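Some structures are shown below for you to check.
Look at the two complexes coming up: chain A is in both, with chain B in one and chain C in the other.
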Partner chain A sequence: MTDSFLNARPSTIVRPPAPPKKWTRGRVGGHFLVGLWATLLIGLVVYLYSAWNIELIQKYGPSYLEGLKTTIGLVSSSILLGALISVPVALGRMSKNRIASAIAYAYVYFFRGTPLIAQVFLFYYGLGSFRPQLEAVGLWTFFREAWYCALLAFSLNTAAYQAEILRGAVRSVPLGQWEGAASLGISKVVTFWKVILPQALIVALRPYGNEIILMIKGSAIVALITVYDLMGYTRLAYSRTFDFQAYLWAAIIYLILVEILRHIWDWLERRLTRHLIR
Partner chain B sequence: MLMIKRLALAISAAALAVSIGAAHAQDALKLTIASEGAYPPFNNLTSDGKLEGFDIDIGNALCAEMKAECTWVSQDWDGMIPALQAGKFDAIIASMSITPERLEKVDFSKKYYNTPPAIAVPKDSDVKDITPESLKGKTLGVQGSTSHSNYAEAKYSGSEIKMYPTSDEYKLDIANGRIDAVMDDVVVLGQWLDSDAGSCCKLLGTITPDPAIHGPGAGVTVKKGNTALADKFTAAIAAIRANGKYKEINDKYFKIDVYGGEG
Partner chain C sequence: MEGSIALLGFGEGGWGPSIASGVLVTVSLALATLPVGLAIGFFVALGKQSPERSVKLAANMYTTIFRGLPELLTLFVVYFGAQIGIQKLGELLGYEGTLEINSFIAGMFALGVVFSSYASEVFLSAFRAIPKGQYEGGYAIGLSSGQTMRMVILPQLIRIALPGLANLWMILLKDTALVSAIGLADILRQTGVAARVTKHAFLFFGTACMIYLVLAILSSFVIDAIERSSARSGVKR
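And then the complex of A and B:
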C-alpha cells in the first residue's frame, strides 16, 4: 500500500510558473549600462586594432617590459619589508605601554596622513641635501641611489597601513579566545601565534590585497625621482610619439597585474577559509 | 509671462548680434600662450606664480607686433604638446626646439633663438672634456622629453642617463653629488652656475648641435596645420629683429646674441 502510494508520485515535479519578469526601471537601467560598457569595450578593441602600430610596439615594448620589472621588483620588496616593519608597529599600537603606543601612533599618523609623493621627495631630495652628515655615518651610498630611497619611502609608508590592518584584524578576534586559551594554561605568545593570528589573518587578507594593489598603482610616481618604472617608460614613449596609445597599453598592463593578484587572493581566501565551509 | 520671456529672448539675441558685430569690427587676435616656468632664464615663475623670462618678454613683444591680445598660462613640460593638440591654448613659447620628431605632430614658426647645448660637472670632477669617451661610466643628468635627453641617449650611450621632470631637479641632484654631469642649454647652465645654487659646479664645455636631433633652434609652437599663425609669428620675429626690440630684450638677459646665425 505504502509502496504504491510512493510510486504514485509523478516522476516530474510540477512547479508553479515563474512570475513574469517585468521591465522595471532598474532592469531597463541595468540593460542600458551593460550595453554602454559593451559598446565602450568594443570601441576600445576596434581602436586598438585600427591604431595597431607594430613599429611602436617593437620600439617601446622592451622598455615597457623593463619598466614592469622595476615596478614588480620595487612593489614586492617594499611590501615584504613593510610587512616586517609593520609587526613591531602594530604591537606598539596595541601596547599598554604609553611611550611605545605614542611612538607607534605618531609613526602611523605621519605616514598615513601625508602624500606618498611628499614622502618620496623628502627621502630623495630632502635627505640628499644632508650629504656630509650622511657620509659621516656611512649611509650616503644607500641614499645616493634613487631606487633605495624609493624602497625606503614605500616600505615605511606601506608599513604604517599594514600595521593598522594587522591591529584591526587582531582586535577583531573575540577576547574570549584569549581567555579560553589562558584557562587551558597556554602562554600568551603561543596563544598569539597559534590561536589569534590564524583567525586574524583571514580578516586581514582582503585589506592586505587592497594595500598591494594600492602600492602597485602608487609606485607610478617613482619616475619623478629618476627610477624608470612602467609609468616612467610610458611617459617617455608618450613624449616621443604623442600617441595616447602609450597610456592605454600601460593601463592594460596595470589591469592585468591587478587581475592576476586578485585571482591569487581569491585562491588564498578559499584555501584559508576551507574549514568554515559547511 | 510668455511675453516677458519672448522679450528677454529678443533682447539677448540682439545683444549677441551686437557683440558678434563688435568682435568683427575690432578683429583683435586673441591668443592664449603656454610656457613651462621651470627653465630660467628663458621662463620661470615669480614667487607669486606669474611667468617671466626671455620667452615671455619675446612673446609679449611678438604679440604687440601682431597686435594680438595674449594671455599666458603655465603648463607642465610633458603635457605641453598634447595640451596644444587638444586646443587648450593656441601657441607654446617655451624654448621648444624645432626637432624633426616634434614637426611630425605640430608646426613651428622660424626660430627665435638658438644656443648650443653644454655639459656642466662638479668643480672637483675628474672628467676632462665633453666627449662621450670621457663620460663613459659616469651618470649624466638631463631633463626628460627634451632634445637634450634625446641627444644624450643617442650619443652618450656609455653613460648612465638619468631623466628629471624639470631642470630644477637635476640641479639639486648634481649639487648633492648624485650625478657626475648634467647636459642642457649653455645659457640655462650658465645662469645657474653664476648663481649661489650653482656654486658646486663648473661648465665643462659646449657641444656642437646636431641638426638631426637639436634642429635649427627654438621656435613658437602651434597646432599642426595652423601655418597661418606660425607665419604670423615668423613675420613678427623678423620684425622685432629688425626694429631693435629683440636686441633690447636680449641685452636685458644675456651678454651674447642668443639668436645665433641666420638660417
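And then the complex of A and C:
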C-alpha cells in the first residue's frame, strides 16, 4: 500500500519558473568583456576582409602552406627523435649508477635551463666556427644546413623534457606493480614493457601533449636562423609588403593548429582512460 | 684559452661590459614582466572561476588565444601592431613625425600576456585546492568578500601556487631571450653581436647559455628561500 502511495507521483513535475537573473556588476562586466572580445574578433575579420588583396594571397598563400609543412615536418621529426633520445636519458636519470645519473642530470639541466633560441644559435652559429674540424670529419654538410641544426637542437631539447616526463610517469606507477609482477615470476624487462609502461604512458599522455604544443610554438624561432617555416615565410611576406595582415594570418594558422592538436589530445585521453572511469 | 678569457673579460677588447649590460636588460625585463603577468593572471583566474558564464567565457578566450600563439609571434604582433596603431593614432591627432615604440615596453607587454595566461591556470588550480569553508568562515566572522579574499584566501593561495609560479618564472626568464629578435640589447643580442664581430660564435653563445644557467640556479635559490619562509607561516602539521 505504502509502496503504491510513494510511487503515486504526477507524471510531469511542474517547477516554478526560475527567478529572472539580476544584472549584477559581475554579469554586466562579463558581458562587457565578451563584447570586447567579440568586437576585437569582428574587427579582425573586417580588417582582413577590407585588406583582402588577391594578389597578396596568390603570391604568399602557397608559401604559407609550404611553411606550415616545414613547421609540421620539423616538429614531428624532432618529437620522434627526441622520444628516442629521451629513453636512455630517463634510464640514466633513474639509474643507481652515480656517474650515469650525474651525466643525465647535467644534460637535462642544461637543456631545460637555457632558452631554446640560445641552443639553436649555439648549434647553428656556434658549431659553424668549427668548420675546419667538421669538414675533416665530413660532418660539415650536415651542420651547414640550418634545417638540420634546428632539428638537432630541437631533438636534444625535447629529449630533455621528454626524459623528465617519462621518469615522472614511471615513478608514478606504484612499487606494488613491480612487486606483483615479480611475485608472478615475470622478468624485469617484461614487467617494464607489459605492466609498468602501459600505466605510465597514460599518466604521461597529457604532459606529452603539452610538450608537442610547446614544440610547435617554439619552432617559430627557426625563422631567426633562416629556415623558412610558417614564421619564416610570414617574416618574408611582412618585410616585402609591410602589410600587417601577414602576421595576423600566421597567428590564425598557429591558433588553429594548436587547437586541433589540443582537441585530438582531449579525445585521445578520454578514449585511453575509459577503463579507469568508475 | 687565454684569448677567450680576454675576449670575455672587462679589459681592452673584452666584451664583458656589453654582456653585463645585456644581463642587466634580461633581468630587469623579467622582473618588470613578473608583476604585470601575476596581476593579470590572478584576475583572469578569478574570471575563470566566476559563476557568471560570460566572465568565464571571456577569461577562457584570453587563455586559449595567448597560450596557442607562439611567443615569438605574439612579440612581433605586439611590436609591429602597436607601432602601426600608435602611428595611426598620431596621424589622427595631427602628429606628423614618426613614433617609435620602445622594444622594452613591447617585450614586457607580450611576455606579460603570455605569462599571465599560464599563471591564470596555476592560480585557478590553487583556487580549487582551497576549501569552500575558508570563504564561509571569512563571511561568518563578518569580513567583506574583498577582505576575505585578501586576508584569508590570498595567503593560502600564494603558498599553494608557489611551485607552479616558480616554474613559470623559469620559463619567463628563458622567454626573455626572444626579445633579442625585436632589437632589445639583452644577453643573446649582445653575445650575438660579439660573435659576429669576433667570429668566436661558439664561445659567445656558449657563454650566453651559461649565463642563463647561472640565472636559473640563482633564482632557484631565491625560490627555495621564499618557499621555506612561506611554509613557515603555514599551519604546522
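Definition applied: the second predicted complex is superposed on the first by the 252 of 278 C-alpha atoms of A that agree within 3 Å, B and C clash if a C-alpha of one lies under 4 Å from a C-alpha of the other, contacts with A are read in each partner's own complex, and residues count from 1 in each chain.
Simple rule for what comes next: contacts are C-beta pairs under 8 Å (C-beta built on N, C-alpha and C of every residue); 3 or more make two chains touch, one makes a residue touch a chain.
All values derive from a computational prediction rather than experimental measurement.
Enquirer: Touching A:Val34 in the superposition: chain B (first), chain C (second), both, neither?
Expert: Only chain C; A:Val34 stays clear of chain B.
Enquirer: With the two complexes superposed on chain A, say which partner A:Tyr254 touches: chain B (first), chain C (second), both, or neither.
Expert: Once the two structures are laid over each other on A, A:Tyr254 reaches chain C alone.
Enquirer: Quick check for you: in the superposed arrangement, does A:Leu236 touch first (chain B), second (chain C), both or neither?
Expert: It touches chain B, and chain C stays clear.
Enquirer: Taking the superposition as given, does A:Leu224 touch the first partner, chain B, the second, chain C, both, or neither?
Expert: both
Enquirer: For A:Ala100, select first, second, both or neither according to whether it touches chain B, chain C, the two together, or no partner.
Expert: It touches nothing on chain B or chain C.
Enquirer: Using the superposition on chain A described above, determine whether A:Leu197 touches chain B (first), chain C (second), both, or neither.
Expert: neither
Enquirer: When the two structures are overlaid on chain A, which partner does A:Leu56 contact: first (chain B), second (chain C), both, or neither?
Expert: neither
Enquirer: Please work out whether A:Tyr125 is in contact with chain B alone, chain C alone, both, or neither, and reply first, second, both or neither.
Expert: A:Tyr125 sits against chain B and chain C alike.
Enquirer: Touching A:Ile117 in the superposition: chain B (first), chain C (second), both, neither?
Expert: Second partner only.
Enquirer: More chain A residues touched by chain B or by chain C?
Expert: C
Enquirer: Which residues would you name on chain A as touching chain B in one complex and chain C in the other?
Expert: In the superposed arrangement, which is not itself an observed complex, chain A uses residues 125, 128-129, 224, 235, 238, 244 for both chain B and chain C.
Enquirer: Across the complex, what residues on chain A touch chain B?
Expert: Touching chain B: residues 125, 128-129, 131, 144, 146, 224, 226, 228, 235-236, 238-240, 242, 244 of chain A.
Enquirer: Once bound in the complex, which stretches of chain A touch chain C?
Expert: It is residues 24, 26-27, 29-31, 33-34, 36-37, 109-110, 113-119, 121-122, 125-130, 213, 216-221, 223-224, 231, 234-235, 238, 244, 247-248, 250-251, 254-255, 258-259, 262 of chain A that touch chain C.
Enquirer: Spell out the residues on chain B that touch chain A in their complex, using ranges where they run on.
Expert: On the chain B side, the touching residues are 78, 81-82, 85, 101, 105, 141, 144-145, 162-165, 169, 172-173, 175-178.
Enquirer: Which bits of chain C are touching chain A when the two form their complex?
Expert: The contact residues of chain C facing chain A are 47, 50-59, 61, 64-65, 67-73, 76-77, 80-81, 84, 170, 174-178, 180-181, 188, 192, 195, 199-203, 205-206, 208-209, 212-213, 216-217.
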